[in-house]
Amino acid sequence: MPGTLAPPADARPTRIEVLAYGPEAIREARVETPEQARAQVGQHPVVWIRVVGLGDVELLRRVGRAFGIHDLALEDVVHVHQRPKLEEFDHHDFIVVRVPAAAGSPETRQVSLFLGDGFLLSFEEEEVAAFRPVRERIERDRGRLRARGADYLAYALLDAAIDAFFPVLEQQGERVEELEDWLTAAPTGERVGEIHEVRRELLGLRRVLWPAREMVGSLTRGQSPRISDETALHLRDCYDHTVQLLDVLETYREVATGLLDLYLSAVSYRLNEIMKVLTIIATIFIPLGFIAGVYGMNFDPSVSPFNMPELRWRFGYPFALGLMLAVAGAFVIWFRRLGWLGAGPKPAASGRAGSEAPERSGPDRTAGLGDG
Amino acid sequence: MPGTLAPPADARPTRIEVLAYGPEAIREARVETPEQARAQVGQHPVVWIRVVGLGDVELLRRVGRAFGIHDLALEDVVHVHQRPKLEEFDHHDFIVVRVPAAAGSPETRQVSLFLGDGFLLSFEEEEVAAFRPVRERIERDRGRLRARGADYLAYALLDAAIDAFFPVLEQQGERVEELEDWLTAAPTGERVGEIHEVRRELLGLRRVLWPAREMVGSLTRGQSPRISDETALHLRDCYDHTVQLLDVLETYREVATGLLDLYLSAVSYRLNEIMKVLTIIATIFIPLGFIAGVYGMNFDPSVSPFNMPELRWRFGYPFALGLMLAVAGAFVIWFRRLGWLGAGPKPAASGRAGSEAPERSGPDRTAGLGDG
Amino acid sequence: MPGTLAPPADARPTRIEVLAYGPEAIREARVETPEQARAQVGQHPVVWIRVVGLGDVELLRRVGRAFGIHDLALEDVVHVHQRPKLEEFDHHDFIVVRVPAAAGSPETRQVSLFLGDGFLLSFEEEEVAAFRPVRERIERDRGRLRARGADYLAYALLDAAIDAFFPVLEQQGERVEELEDWLTAAPTGERVGEIHEVRRELLGLRRVLWPAREMVGSLTRGQSPRISDETALHLRDCYDHTVQLLDVLETYREVATGLLDLYLSAVSYRLNEIMKVLTIIATIFIPLGFIAGVYGMNFDPSVSPFNMPELRWRFGYPFALGLMLAVAGAFVIWFRRLGWLGAGPKPAASGRAGSEAPERSGPDRTAGLGDG
Amino acid sequence: MPGTLAPPADARPTRIEVLAYGPEAIREARVETPEQARAQVGQHPVVWIRVVGLGDVELLRRVGRAFGIHDLALEDVVHVHQRPKLEEFDHHDFIVVRVPAAAGSPETRQVSLFLGDGFLLSFEEEEVAAFRPVRERIERDRGRLRARGADYLAYALLDAAIDAFFPVLEQQGERVEELEDWLTAAPTGERVGEIHEVRRELLGLRRVLWPAREMVGSLTRGQSPRISDETALHLRDCYDHTVQLLDVLETYREVATGLLDLYLSAVSYRLNEIMKVLTIIATIFIPLGFIAGVYGMNFDPSVSPFNMPELRWRFGYPFALGLMLAVAGAFVIWFRRLGWLGAGPKPAASGRAGSEAPERSGPDRTAGLGDG
Amino acid sequence: MPGTLAPPADARPTRIEVLAYGPEAIREARVETPEQARAQVGQHPVVWIRVVGLGDVELLRRVGRAFGIHDLALEDVVHVHQRPKLEEFDHHDFIVVRVPAAAGSPETRQVSLFLGDGFLLSFEEEEVAAFRPVRERIERDRGRLRARGADYLAYALLDAAIDAFFPVLEQQGERVEELEDWLTAAPTGERVGEIHEVRRELLGLRRVLWPAREMVGSLTRGQSPRISDETALHLRDCYDHTVQLLDVLETYREVATGLLDLYLSAVSYRLNEIMKVLTIIATIFIPLGFIAGVYGMNFDPSVSPFNMPELRWRFGYPFALGLMLAVAGAFVIWFRRLGWLGAGPKPAASGRAGSEAPERSGPDRTAGLGDG
């Protein structure tokens, strides 16, 4: 039903922190009621009200009432599977963004930002580690961040959230590269499940980053009157980062798809090698075994001169061995002409892979993953 | 021929219910003729005329005439394979939407809505279970839903219809996940038909959800004068849900496609393992059998000293056995160098799969399926 | 060269029929010259000049001159491989559409329509069966069709042409379903050529239906002043049909593509089963054969006690048989642990396929093919 | 460096021909200097200056100066790997188009056209055979072509160039069809390289035809003031041809891609058949061979009654043969139940392929390749 | 953090060169401070300030201050993984472009250009070899380049950067062609890793060239007031080159993807050939071996007339050999009818490949890679 708030089962208890600051002063406090937080808005140039944990639905509802948040927006705050998006309301902009759950992790947590006049209200599923440097910059360097408005704070948080995806992609890139190395060297085990897993995780990241790009783009195009020109310039930079992330992501996805082809062809190639060994051995020895079998027959040479006279020849046994040798030799020559006996099957393959290795440029090189 | 009404063969008998309400009062009744229903429009703020079952063509035609519905629209109501769409007529908006036939089922039923001034006329193939909560909300909480117009009722029904697809996708997601588990563990049977089936059903759902997204989007963009701003805001939320459904759907489709690759490579890998076993056994024992065959030949050693003198050696038999042992050992060493005898073929594979299992995040985790 | 008219080699002789009608009267005649047909335009509200067969180039040229048709348009009429399209000329609209050559056939024939003021001039390669019901409606029910203008007649013909593709797609759907059943049951023969053929025919239909959709869409958007609002409403319905056809078509194409994957994996799976049988038999019996071979060697036990003393043991033969039994048993146990001896290979597969069968919903069910 | 002219290594010597004409008169001449050609412009309604061969850079530069051609355009004339394009300059339009190097050849040559007021300046790598009919039409029929301006001449040349691709595609279609026939009949050799080659050539043609379509489309949309309405109408026809060519091309590309799948599945199927034969023979005879081996063991029956008493049974030999027969029979029954012994493997396949053949419609039929 | 400058670890020391020129004069100097460079702007028509090496962050910051460069732009200069882009600032345009790290290398280096009024400020990771000819043209030919403004210089550098990708693509094309030749001839080793590598490098190039095309396109469309019409004309030419590069690139990518299919089918085909050899040999000799085994059994013919009477037949041995010959002959006939014994498996394949070779047109032919 629209308007009902059902927080996730494992939601953390809710707490509210207020960080009010201007070029001169800064005041931090944990408040008990949202009304206390609301009262500070207007007394300082920027008031950042930070709600961490979504466990206390009643408190969240009060926050909503205090800041005039629409029921539907509050619903989106609590239902933490939203895609990144920007929605404009009369008195504030509503921004949803996602951050990695932990450093390098492909799982994400939802962050909801309400940017109003003179305040920024943020909701976090759990305290977002990527926001700590932003907070420290507010606390320490009074210069830049503090001189600017709430829109710049919103930008700083967005930027921190987006940039936190660079190490995530780096890790995925390393996995892709590691799989690639394994495939070109000697794919002995079955690691195709890992390729599948990487593809899945990249797919999940793509689902987060595409709408994030769109959302930052909307902010950049100055749709909101609360975004100053200077902040828009910075958002353009942030937008570039989302583009870069998606660029790298799509590259990894294509490479990961190529890995499956590589794997399948490696498996097929090895099957060929296995079958060649079987075929060579069987083809040589089965006819030899047949010859031995012939001379193991028990026809009685004493009955007639037609019954296996070879058995009583002086050079019968050498003749038989020679016959076998000739047959085996003929097959060896034939196999050599077919190219099946060039060298040992395995050394050839690994030797080639080895000679390629130094030339190959790793994915992070080609993909050009940078954070700036 | 345009204008002919051919209901589906298994159409249910038609009945008409009227639910007239306003903030104060509510009146429910089953009526026999559409004219009775029509008469109530205007007497209450909102009148919901609910036509359930499409079996009685004559009655449907009378409903059409009573509410001024175009022949072509009525045709679409009866031909229940319409894609979701929005069509505007002079006196009403015509909305087609589809709902799952049963909870979690990928099959869908058609619902047609006519939103006019002060009334909502709905046609259902059979009574839609997802509409029951909406009705109950009208009956019980007099506050919100009753205070609003027919456009909000249309939204509430649309929202209920769309949200009914979340459990459908959840079930598909579980099937995908279950197949994934099976594939990474030990794919013994042939379940590729199930993968095909999942892909088909996801394809069918996609055919329903894409036009639904488009239709809700058109409503959101305020194309219709009958949609108030507040309702448009709610429709935007409903639109978000369609986007989220499609997002999850496309993820499942990509994963399901990946499953086939996974399956094929698993099958290829197993073939390799099977062939390795055959090759090892055959390659070792065929030459040994040949040696045994040689000493089973019946050349007469008494005829000449060249004829199998080994047979009368003192250590002839141990020599032969030793020769066999040496040959077998040489092959074993060779296979070990080829990496074919690392460990048992099967345990290696399952061990690897097992070690991956805990790291793998299930599809519902990555896909982030939520109903809010 | 532009302007030259080269009819297809198997073109039928040309004949001209005129059907002039209004709400009151109707007159049908076969005329010899196009000028006679032209003379009737204006005397009746609607005049349908029907040119059937493209064999008589001279006559066609005269038709062109009589109705003021541009040389390039006439060229398109005769070169019967045009894609459906709409072209506007000063005095008429030129519409090309294609109809199935026979009921359910994926081959198509070209129909060219010239919609002018008070007349509709149609060119058909051969008499189009799908137009017969339109003609009968004109002849019999004087009400609707006769009361309307030439634009409605054009719509009625277009609608008949488009709707004639529903049975074509239904047949393709049945073939897809039939192939699907065969694949999930027991794919013994090689029917991959049929899958290829279905894909080809669907591809061909797509080439006809995409531009048809575009063409009907252009007509709907009121590009032409000759289309009344009421007819545009009907064309919107016709447009819906093209959308639905393409929707179903694309579904079938995706399913048909999936069939190939299904086929390949079925083939791979069966190869695995075949190789398993070979491997099990060969792996058990080749070592046994080797043991038998060893005791078939002719080392002379009388020469030394080392030469095959087993041959003279009291329980030598039972020992040898027991040894063989032990080896065979060890392999069987090993194979069982590898999961290769779960059950018979084939019954398992067919049993699974059988249990799936009832759950599977056929393509026409999922695809939702309807003609309304 | 921009502005440098480097003609291809195998460029032909340059010659300049002038064809000046109007409704009344026509004058043809080969001129030595471009200034002579330039002087004729204005004296006749249309002057076609035809530069054939790009070997004489100095002469080309003089042509450029005489007609006021920009250095960059001249550069494009000489560097003959341009994609078809339209560029507008102040005093002329610059059109690049490509024509097949020979009738039916997928290789192409560049033609550059400069359409100015009263003249058309064309540059050809070598004399284009497809332009001969245009020239002949100018020379002979004084009516149509001569009465029109330089824009119509440009259209006539473009149309000739585009239409020359129809036979090219027809040939590719025949190759596709021929490969298809081979694949459905009995794919014995390895012709996958040919499939690859066809795909490559179609890819190359696509690279030429896509920009050609775009270029003709730009001309059609009346971007240039030098194109009259009547000529624009003809260009629309020419545009239709490019659309049709691309349509057919994309169909062939999809079919050619499908051929590879067909080939791979045919190869897999044949592998199955081969392995079935091997498995049947080996599975039957290896156990039989083992039985024979057992009774070939040399245990001494005289030592104990347990040592191979069968050897001295009265019906020992028939018993052994019967045992073998029973084992073989059991396997045959089993294989029959597995469906491996339905019929001969090969005849079944070819029989099926044969029954399909008559139904199959060739690519030129489905693809609907026509030149009109 | 936004605004921090972290140069790459292996950044070169920074040096600043100034090249000030006009139609008359030219002055080159290496300066120590950016302020010196700044002072020259305005004194000459064009001043090119060239900053090579990004190692000295402090100096770069001073350059930024001297030329009024925004912190975010400076950040992009230093973080050398930017995609090509155009950003407009109040006092200059900011252009990022990439050049190949070495001639023909698929790795790239970043070049950042700031185009202001009367000056061009360029930042290079290391001195770009492709810029040398531009510099030489400035120094030597006083005519064209010197008479134009800073916008033309920016164009000249962009053009040099873009054109440096032609040899890169040529090399990739040669690799593709070489792999193609290897695949159609006799694919003995495992070079699928190389195919993967080529695809990767093409993917990387695509990531550079797509945004480059977009960037040049933006410049062409006259978004910047600093670009004169004449320069825009030249940029249009440069844009054509990017289009051509991408065209060739996409062709190579499609061909490289086709190579994998080719490889897989070649591997499958060879497996078939290998299995055919094994099957033929095993199928012929295993039954023969069985017959020999039967007559090697030790049933005592003296016990009863049923026990292997053949052993004492006069023509027993010839009978047995004849039986074997008959069986072998039957199999040979059967294999011949199956088409498995057409010719030697290998020669057939190589013969076919050989006959194709002369017809095949290499990729550089089809792809039409030119630098003009």
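Should a chain be cited, it is by its letter among A, B, C, D and E, assigned in written order, with residues numbered from 1 in that chain.
Convention: a residue touches a chain if its C-beta (ideal position, glycine included) is under 8 Å from a C-beta of that chain, and two chains touch if they have at least 3 such contacts.
As the structure is a prediction and not an experimental result, all values here were calculated from the model.
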List every chain that touches both chain A and chain E.
none
Tell me the angle, as a multiple of 5 degrees, of the rotation that maps chain B onto chain D over the C-alpha atoms.
145
Just how far, in Å, is the C-alpha centre of chain B from the one of chain A?
24
Separation of the C-alpha centres, chain A versus chain C, in whole Å, is 39
Residue numbers in chain C touching 2 or more other chains?
264, 268, 271, 275, 278, 282, 286, 289, 293, 296-298, 308
So, starting at chain D and moving first to chain E, the ring lists as D, E, A, B, C
Flag every residue of chain E that touches chain A in the complex, lowest number first.
1-3, 6, 70, 72, 75-76, 78-83, 85, 87, 106-107, 186, 188-194, 196-197, 199-201, 203-204, 207, 260, 263-264, 267-268, 270-271, 274-275, 277-278, 281-282, 285-286, 288-289, 292-293, 295-298, 301, 308, 310-318, 320-321, 324, 345-346
Which residues of chain E touch chain D once you look at their complex with the stated criterion?
133, 137, 144, 156, 159, 180, 183-184, 233-234, 236-237, 240, 243-244, 247, 251, 254-255, 258-259, 261-262, 264-266, 268-269, 271-272, 275-276, 278-279, 282-283, 286-287, 289-290, 293-294, 296-300, 303-304, 306-308, 337-340, 342, 348-349, 352-353, 356, 359-361, 363, 365-372
